[in-house]
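Note that the chains take the letters A, B, C, D, E and F in the order they are written out, and that residue 1 is the start of every chain.
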Amino acid sequence: MSMNLESILQNLLSAPILFFFLGIIAVLLKSDLEIPPTIAKFLSIYLLFDIGIKGGIELYHSGFTTEIGYIMAACVLMALIVPIVSFFILKTKIDNYNAGAIAASYGSVSAVTFATAQAFLLNQNVFANGYMVAGMAIMESPAIVVGIFLIRHYNAKQSIGLEDSSHGSIKTILKEALTNGSIVLLLGSLIIGYLAGDSGEKELHFFVRDIFKGFLAFYLLDLGIIAGSKMGSLTKSGAFLIGFALIIPLVNATLGIMIAYFIKLNSGDALLFTVLCASASYIAVPAAIRMAVPQANMGLLLPMALAVTFPFNIILGIPIYYSVINYIWNNNSHILSFLY
Amino acid sequence: MSMNLESILQNLLSAPILFFFLGIIAVLLKSDLEIPPTIAKFLSIYLLFDIGIKGGIELYHSGFTTEIGYIMAACVLMALIVPIVSFFILKTKIDNYNAGAIAASYGSVSAVTFATAQAFLLNQNVFANGYMVAGMAIMESPAIVVGIFLIRHYNAKQSIGLEDSSHGSIKTILKEALTNGSIVLLLGSLIIGYLAGDSGEKELHFFVRDIFKGFLAFYLLDLGIIAGSKMGSLTKSGAFLIGFALIIPLVNATLGIMIAYFIKLNSGDALLFTVLCASASYIAVPAAIRMAVPQANMGLLLPMALAVTFPFNIILGIPIYYSVINYIWNNNSHILSFLY
Amino acid sequence: MSMNLESILQNLLSAPILFFFLGIIAVLLKSDLEIPPTIAKFLSIYLLFDIGIKGGIELYHSGFTTEIGYIMAACVLMALIVPIVSFFILKTKIDNYNAGAIAASYGSVSAVTFATAQAFLLNQNVFANGYMVAGMAIMESPAIVVGIFLIRHYNAKQSIGLEDSSHGSIKTILKEALTNGSIVLLLGSLIIGYLAGDSGEKELHFFVRDIFKGFLAFYLLDLGIIAGSKMGSLTKSGAFLIGFALIIPLVNATLGIMIAYFIKLNSGDALLFTVLCASASYIAVPAAIRMAVPQANMGLLLPMALAVTFPFNIILGIPIYYSVINYIWNNNSHILSFLY
Amino acid sequence: MLTAIKIEIIVSKAQSNKIIDLLEKSGIYEYTILDIYKGRGNKDGVVSHSVNSATENVYMFSVVKQELKQKAIELIYPYFKTSGGLFVISDVTVIDP
Amino acid sequence: MLTAIKIEIIVSKAQSNKIIDLLEKSGIYEYTILDIYKGRGNKDGVVSHSVNSATENVYMFSVVKQELKQKAIELIYPYFKTSGGLFVISDVTVIDP
Amino acid sequence: MLTAIKIEIIVSKAQSNKIIDLLEKSGIYEYTILDIYKGRGNKDGVVSHSVNSATENVYMFSVVKQELKQKAIELIYPYFKTSGGLFVISDVTVIDP
């Protein structure tokens, strides 16, 4: 696994990752460097547009294979398992509200982490299928519903008679989770990429391929600044939550790699799937949770997802996961043979 | 005219148009998808810049032909006829203020509709001349002045002795109409494209050509969201105004095609000219009218232009107009031979 | 020196410069044309990113030569001389606060002027080294510290016993000057470009090279509007300051050319160095001064830097400086032989 | 000239439509919403920054007739019992007739 | 410490320069303008959204000496008779000397 | 229902962190900051426009308990002696409990 170190280093030296570091350094220097919020929002819209269109065009070329069914099932499975497991781990130390909120965040996905993994594969010339993007869309919401459901269930148990002050019925929450702007844009772009096919490729490839890395670099610079400024408030989270934010990605990635191996994904798809499992949402899910469960403390959740798990995944996680996948896939993997 | 259906379908499946639909769908799903307003403004600035530069560069190559004089005259003509005719149709059912405001909007043009028609021609590999952009610039303002003049004229008739509370002298209004930001930018970019010529093409072609479709897609997504959210308030407008918003583009397009045939435009130029006639302004003109005629109700005008005429034109209008043009131009057009 | 006029004309007809004029014209026409502030900020961030990355990649290719040491020394030298000389000239007519503030601004640099000079060299197919970007980064801050130091020194002299109400210790000011967002971004991008090297070039060249001129044109349009709207308030500055704003760039450019010749820069590098000497900061330095020396009047400083020196440099300065450099460099320059 | 009440509210951007609904239920149809760049409240002591939609808030205000005040408070108050943010009123004089 | 008047105005962005002129005619040279994200008034019941410049409004305020109030009202009031928007005043205490 | 003080401050964006520090020193931890599009004060009579960071200002406000008012004024007032901008207070009623 000597490739491990080399690929970590190569990842570290890719321009977008370096801009993430620059963002953190700017905060440490107390610099006033700032990406205007509106631009940051544009970048996140661009990223979903980009991921969706590229996925749709690839789907147009590959067509629907039987593999897709397995992958989608795997995505749903992980979107349910991860928040449930997380919730029970978290509940041992923190209250139900925050346990559910954090569980929901880790059960969902981070689009930038996904895009960074795509950029990593691009640099390594490894192919991944377009339908992984559909998997990402599928994994975005279920965890929100699971998280809120768990909170209510355990609150009802504990405090019978006490009003539950979290907002909205499960149905409303489900509806809101599914019509979330980022899902609509991602799925919409995926379908549009598929429908537009070759002509879409011709029309948009400069926009979605050639300038992609530049916008990704900008976005990571912005996230570096945000992550850096959240690091200070990590102290509030305490050792348990910081540890959780560091270890749970590894646990979820391991699960992800096993499932990917079991359903025989190629190594590119396997990395993307693993990254979906290992990443945590720091925009869509917290926003939804904040509305439905005002008792959840964003001061705990956001620094974990943004200042620990996200940097870990893009800096070390991606090359490590890929090295492991590569090793197993190339060695006919006696390691995971028990899966059959 | 079997090409008709096919070209409609092809237009429907182009990525930018599909993003327009996505915007509408997002509103129907009550999704919170939103393009930040500042980004939307940037997109509209980019579009004018893009249209202007490309037009100027083409003008640099084609030089000034005698055709240009005819086209400019035709543009001025239509910019006067359309608002006058519209005003008298509208006046039968609604008050002068709103009749004048709506007439002004339909007498002017929509830059995105124009850009969508350009993208359509690009996909069909049909050439259009750069000076059509000058036509667009010319058609932007006169209708504002005509509309306000008609309002004042008929108000004075009706209510002699009563103060006319609309703001500003015709001279001020004319001045403001001509120095409107979008005209200055469009004409400026056109002239710059012309002056910069080949070196401008070299310097800017990635910016104005290669990434154009991506920004157009974004802009149409935004307009889809706006159109979708205005659809609800269409009820206020009533059947008459909705009917007007659907039928008047066809009427104006028919006039436009006849004139284009008469002055012997090539089919690409004919489409662009037709689209200028058939489209309605939903930014520059309403903004000017709102200042000069505060009595006009934006709640009537904007949904008509944005939620009826604009979608109609970009989805069905453009391919229909082009099929008709194509049919007539290719059949030596005995149909329009009476024009000679 | 017939090349002089031709190259001025060619510069005038380059699209970005023409957009600067369009901005001024828009203001003269009292048009409401406006680039949204957030977009303007994005453009200034993009520009630093772009300059930094390109410089870093070139540095990666050229490696560190002995020349670099000389250049950096020359940059530091000019960043100290220019504000000191300027201060004493200014002090003859205006108060210390404003003399120091203006001196600081002229001792520092303008990134857009630098980028415009790069675009000029690109159009002329003249090579310049990446490390000139490092020179720009180095010249940004020292003048701030020099300016503030001079203000305090001369205020203390004049008004012993009177409290000095300028804010912050020299140490704080130095710290703030060095961690200024634009320096962090510029230096950071330079280092990232260097570290990412060839792969960075591959990843980012569409973003930093192909669309560069488009964004530059937009930015100059914005600066044209700002410069235009500041021209009105030039009257407040009076003939002395306007004269200063016109003549000091020539003085500094002359000094710059002499030093460039002395340390044997190639003609491209010589132009960039000269432009660094001749340009004045209108964002970073005024922002820093406004915090540290609230007594300084932005109503004097900004119009000078933005509405006189900046237009002068990009329109006439760059081609003139380059013609002179070209003439001297090609004629083995008996003119400057006294330097040896 | 008319003495009126200015209601000022800070909520998450995502919730602003719910507050608009509640205002309408109280008979208030006029409002203005501004983007907040950055803020801090006492709920989680978190710095809400418009850069992350998850913590983005808006500042809304409505100038309303005094009669409408009571109803609005009754309907909107419960919302703020759990949700942080800000809800204040003050007196203003309307010049617009 | 000085009791002063805060004038608050909402107009279309395009009209803001006219209001600035009127303020200056009343002797008021200080003002602050903020962008409005979205709003609704009673004129056409239209939701004005900053996404379309045609309906974009701004929120202006000026803190002025009490003596300047009357003149400002006289000059600016007529504007609002036909044009929608908002025009209110209230009392504030200026700490800045 | 609680009578409270609204502190409104305009400073350069770059200085806003210093003001936050001063507020915290006065025991005030809640605040809201909005971007200013454009403004003009009496310092240099300059039109500050958000387009140039050098002149960009922000509008901050804090709703605070009356007890905190005096301390805040004492700490923040000196800042405004040299620096232009705006510093006003007024009365509001807090509905949020």
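Note that in this section a residue touches a chain if its C-beta (ideal position, glycine included) is under 8 Å from a C-beta of that chain, and two chains touch if they have at least 3 such contacts.
Nothing here was measured: the structure is a model prediction, and the numbers come from that model.
Asks: By that same contact rule, can you tell me which chains touch subunit D and subunit F alike?
Replies: E
Asks: Taking each chain's centre as the mean of its Cα atoms, which chain lies farthest from subunit A?
Replies: With centres defined by C-alpha atoms, farthest from subunit A sits E.
Asks: Suppose each chain is reduced to the average of its Cα coordinates; what separation in Å results between subunit C and subunit F?
Replies: 34
Asks: Which integer distance in Å separates the CA centroid of subunit A from that of subunit F?
Replies: Centres of subunit A and subunit F (C-alpha means) sit 39 Å apart.
Asks: Give me the residues of subunit E that touch two or more other chains.
Replies: 14, 34-35, 37, 45, 81, 90
Asks: Can you pull out the residues of subunit C that are in contact with at least two other chains?
Replies: Each of 32, 35, 38, 41, 206, 210-211 in subunit C touches at least two other chains.
Asks: Output every touching chain pair, sorted by label.
Replies: Per the contact definition above, the touching pairs are A-B, A-C, A-D, B-C, B-E, C-F, D-E, D-F, E-F.
Asks: Which residues of subunit E touch subunit F in their complex?
Replies: Residues of subunit E touching subunit F: 4, 6, 29-35, 58, 63, 90-97.
Asks: Under the stated contact criterion, what part of subunit B meets subunit A in this complex?
Replies: 13-16, 18-19, 22, 25-26, 29-36, 38-39, 119, 123, 206, 210-211, 213-215, 217-218
Asks: Within the complex, which stretch of subunit C touches subunit A?
Replies: Subunit C residues touching subunit A: 38, 41-42, 45, 49, 53, 175, 179-182, 184-185, 188-189, 191-193, 195-196, 199-200, 203-204, 206-208, 210-211.
Asks: Which residues of subunit C touch subunit F in their complex?
Replies: Those in contact with subunit F are residues 35, 37, 40-41, 165, 167, 222, 226, 233, 282-287, 290-291, 294-295, 297-300, 302.
Asks: Which of the residues in subunit D come into contact with subunit A in the complex?
Replies: 12, 14-15, 37, 43-47, 49-55, 81-84
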